[in-house]
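Shared chain: chain A. Partners: chain B in the first complex, chain C in the second.
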Partner chain A sequence: MNNTLFRVCPDTGLKFHRPAETLMKANAVAAVVFLLVGGFYALLVGLTRWQAVHLLAADQFYMVLTLHGLNVLIFWILFFEIALLYFCSSTLLGCRLAAPRFAWVGFALMLIGAVMNNVIVLQGNSSVMMTSYAPMGAHPVFYLSLILFAVGALIGCFVFFGTLVIAKDEKTYEGSVSLVTFGAITAAIIAVFTIISGAIILIPTLLWSLDLIAHIDALMYRLIWWGFGHSSQQINVSAHIAIWYAIAAIMFGAKPLSEKVSRMAFLMYILFLQLASVHHLLVDPGLSSEFKMFNTSYAMYLAVMASMVHGLTVPGSIEAAQRAKGLNNGLFEWLRKAPWGNPTFSGMFISLVGFGFLGGISGVVMGTEQINILLHNTLYVPGHFHATVVIGTTLAFMALTYWLVPILFRRELVMKKLASWQPYLFGGGMAGVALFLMGAGTVGVPRRHWDISFSDAAGAVYEFPGAANTMLALNGVFVILAVAGGAAFCVIVVASLLFGKKLGEDEKSPVPLIAEPPADADYEGIGSGTITVPGTLVFALVFFASFAIYYFVNWKYLGETWGIS
Partner chain B sequence: MTSISPPKNRLWWNEPIEKVELIWITLVFLWGLVMAFMMPYWHVAGNQNLSNETYKITPAAYLAKTQAMVDQYTVRTGPAPKNFPVVHPPAGSDVYLVARLWDWWPILELEKDQTYRVHLSSIDWQHGFSLQPAAINIQVVPDYEHVVSLTPNKAGDYSVFCNEYCGLLHHTMINTIHVVE
Partner chain C sequence: MSEQQPDENGKEPLMQRVLDNPFILLFVGVAFPSVLYLVWGIMEIVSVPLGQ
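Entry: the complex of A and B
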């Protein structure tokens, strides 16, 4: 092998293929730029829905809301995920990246698509929200930009698969790929399914917007679009859970409690998670209850089970490693003495807790066939997905980025004090956003709505309970906190890349960047009795109790409304 | 070896599972069964199950059916400036509500504890039927006529507004449904 094509990281021993490294950097930088853009729009949205502030005019609000969703939910996350796929294949397997030029074509298509999309929406005639529900139409360039972006992302997935083949062929690793790479493979397989669903619906919609097709059936659009729209969120779930495992390994030298269970849980995502797209269609006409129940329970809640397994095994792997290192007293010594000032750890742990308690429970409850009647299209929905996608995915990506700055970019992190606070500011702010949006949703406040005082409506108005306006105001306050946290992240990363102390290729970072794994023998006799990770088990049981209580409370609410049959 | 490196034991699938994992998987699997059971159970024992009765229809045909109901059962005119008809159809009958940019038409007046076959369709884009404070939310899709049986359980004035974004005046799309004793 040509050594100039590779460098070995002096801190971690990871082997970086230089062309892959450049691609990772480009994708990660693009990701942060779109996060910054989308985060700015978030502030405008939050301040407009705060009824007393009501910042933007209606047409601007709907335009900015469209831009907010696309920039942070699609562009930031997908660019980061492509970087992650290259890292989990080329770097973790220590092999060259397949077809780097092809990967650059993919990057260019994604960048062109994302920029085109922002430009066309800013022109004001494509304020159709991310879902662009036909027969409400956007400018053809709107659909074209998304198609270009998706093709670029698909190329990234194929480069990833090609790299796996090369690693296998050139025997750069022994036995099976690591658990984290396995999680990335899960994400990439779901991504292919997702992008194909997107192509099936967006290509005809583009032709329809060009008057080449006469009619798009609105119900068909919804069914297939959500095969794309929701599955894309399953890519994120697989990706950020892979990152949780990776950070546990990096920070603590953790290994999975058992490979079999964690890998099965990833596999179950591929088998069942896409069924979740029907969550969006629970109060639609024309679909049978059997179809809705089978799909929304992911065939008996098997994908929920997978997430709950990861929710146990990720902190469990940390607890076991900490106990093996001697933090074996009581239930929670391992957690108390965790590095809470390190943003890579705190970001990951807040991501885990927020995703489970706020995002997971609300998602399953709202995704129950009948309970959805109470909550469909209310602010509860964005409340739920700000917990899953922002606290879960975005914060996990941020946490990993703090670690990648010295490893990948060979720059020391600047503003370390601010960085140690950033996950709390962002995670705490976003937890408030999620809770108050969900709270407003439970009293019926609609999502994607400029003015719930109905001041422009001629005649009828609806007086929401006073709590609705209070919660929208509190949401506005927490949006400001979260945006400050997001901005802090962007500033720290950009400043580190520009001004951080350069680390030579063979120069070790002054602080260790990867933990030494405990020896196998140290794992003997940890925990209490046959329970190796009692603290995690207690956490899991608290989670379970909250879940069950909240689930049945919602059935009770449902029973109080009109008869529906 | 850690989670970012290949498993040390090449035959990792033969390793035993941790006891904690077994306990948790069993508990979570049973919980999944409970939740999966609740939905069909509510179809049998609960009173809130959305009907799937749906027909394909054209906007013109749907408007005509609604107009026929309005012609037959209008009892008075609603508030200015819209002056929409207020329709009081007989209990148990077929009731039509049109969703359109940016109105719900006409105004319905229903009786408490009576069941109506409420038809929902849009004559243009997608809309969201949100009946508050009853907390009933139903997607309204053009070219599909969805028939839902509704039984109001409390008298009063309810609001129906749109909760599916439908263009620039989406937030003005609101009307009233009266429920009388």
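Entry: the complex of A and C
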């Protein structure tokens, strides 16, 4: 090994290619900065939709909503994902990163794009929200900034694929890549489709904003934009599930219940997950029911099944490892005695439960064409994606970051007590946000309107039920909690990087950072009778019961919409 | 995937070879949604008759 180019982590044995390590750090730091910026705007959005507070004027609200969406849904998450792709390729496969200079060009384009986007939106003439539906136009720089960012992210994906080739050529691993790297491959593939869709629609829209094209068809824009906008969130799903598997292995030495099944579930993501984009178009004219129902009610369910496989196998693998270590009593001893004070575990587990119970179930309900009519373009939609992207993805990324601070940055974590509470504060706050947004959406509160009393619309007389105002107020309270949790994360990470005790390259962390896997023989006889993971099985049954009840409750709501005389 | 063993000719099972090749997966992962979502959707929109 060339010691100038590589270092071996004394805690984990992972081999870091130094140029890759620097790139991971740069991308991770940029990610946290944009999370901080986007989180601040989240507070302003939540306090405006709280009718009794109603903080911002309409023009400021739409500007801030645009900034919030882009900073947290795109910039924070994609910077982190590029760092993750480099970690899952170069570090987990123990090889050099392909073309680090090219990777720096990608990083620079992403950074320039993200900064340009913030600047142009703050000037107030591009308050078109993240969806930027044509014919509502923004400044040309708005589209250009997104294109630059996307090109930078695409370069990051190519560097990732190039690194896989290097690892194979240089035989730095035997057999197949690890399941975590396989999950990252899935994420990168979905990213390529996402960015191609973005290019197909954003380049003509840029030309249209420059008056070089006369017309952008609104429906065509929506169709292709959602290939970009929704699929960009499917990159997250693959990435955070790869992180769940990684944390299960890190914290418990767990191995997947069946690698074959888990890999097939990731393959189903590659094939079907992006098709869920159609649920945004379920009430659009001009698209047939065959197109809508095939992509949502058939293909999307295969992706949902893949999520349920992951949702079963990740806690199942943890349960099996815990039982193999002797925590084999009753249904839940393995879970009771899990390290709930460690933010890496608690963050990951809250992410898993929130993603499945809140995000997963609500996603299937919205993806059903008939029920969708009740919820389309209401606050239910942001409720759903705050459960998937914020509890699911962001919390998983936070959980991994706590582990990466000493491993990657060679600093001890500071404010450990606060860190042990942070996932509960953030996850609990965001669960409240998701639930109350979905509740408000269920009583019909529109997704994007600044003021549900329609005080600036002459002649508007519609009055929402009182429950709508209560839901929006409770949403505001939970936004404050979630923002406090997000701010705590940023403070802990920044303080650790600046003031945490430095760990020498060969100095071990005072606390163990990776668990010993149980021996194969320890797995024999675990569980109850023939059931190896009875606790996880009970969780799965509770999940299916919740799923079925909630699904049919929504059909009942639909049945009450039009009375039969 | 350590669970699958090579056959008597020393070849890995077909599915394992597919899953081990990121570029086949990349092709499938771009082609599938491109056809089922983008191409199908665009064809439906362009076949909507123009208003008179």
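Note that the second predicted complex is superposed on the first by the 558 of 565 C-alpha atoms of A that agree within 3 Å, B and C clash if a C-alpha of one lies under 4 Å from a C-alpha of the other, contacts with A are read in each partner's own complex, and residues count from 1 in each chain.
Definition applied: a contact is a pair of C-beta atoms (placed from the backbone, for glycine too) under 8 Å apart; a residue touches a chain by one contact, two chains touch by 3 or more.
Since the model is a prediction, treat every value here as computed from it, not as a measurement.
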{"item": "Which of chain B and chain C A:146 touches, first, second, both or neither", "value": "neither"}
{"item": "Partner chain(s) touched by A:258 [first = chain B, second = chain C, both, neither]", "value": "both"}
{"item": "Partner chain in contact with A:219 - chain B first, chain C second, else both or neither", "value": "both"}
{"item": "Touched partner set for A:193, first chain B, second chain C, both or neither", "value": "second"}
{"item": "Partner chain in contact with A:287 - chain B first, chain C second, else both or neither", "value": "both"}
{"item": "Chain A residues touched - chain C or chain B, whichever exceeds", "value": "B"}
{"item": "Contacts of A:312 with chain B and chain C, given as first, second, both or neither", "value": "first"}
{"item": "Touching partner for A:275 - first (chain B), second (chain C), both, neither", "value": "second"}
{"item": "Partner chain(s) touched by A:267 [first = chain B, second = chain C, both, neither]", "value": "second"}
{"item": "Chain B versus chain C as contact partner of A:176, first or second or both or neither", "value": "both"}
{"item": "Overlap of chain C and chain B interfaces on chain A (superposed complexes)", "value": "175-177, 217, 219, 258-260, 281, 286-288"}
{"item": "Residue ranges of chain C touching chain A (in the complex, touch as defined)", "value": "1-4, 16, 19-20, 22-23, 25-26, 28-30, 32-34, 36-38, 40-42, 44-45, 48"}
{"item": "Chain B partner contacts - residues on chain A that touch it in the complex", "value": "58-59, 62, 92, 127, 129, 133, 135-136, 173-181, 217-219, 222, 245-246, 248-250, 253-261, 281-289, 293, 297, 300-302, 304-305, 308-309, 312-313, 316-317, 364, 368-370, 372-378, 443-444, 446-452, 454, 456-462, 464-465, 517, 530-533, 536-537, 540, 544, 547-548, 551, 555, 557-559, 561-565"}
{"item": "Complex contacts: residues of chain B adjacent to chain A", "value": "1-7, 10, 12-13, 15-21, 23-25, 27-29, 31-33, 35-36, 38-40, 42-43, 46-52, 54, 78-82, 115, 120, 124-126, 128, 130-139, 141-146, 148-153, 159, 161-176"}
{"item": "Contacting residues of chain A [partner chain C, same complex]", "value": "161, 164, 175-177, 182, 185-186, 189-190, 192-193, 196-197, 200, 217, 219-220, 223-224, 227, 231, 258-260, 263, 267, 270-272, 274-275, 277-278, 281, 286-288, 291, 294-295, 299"}
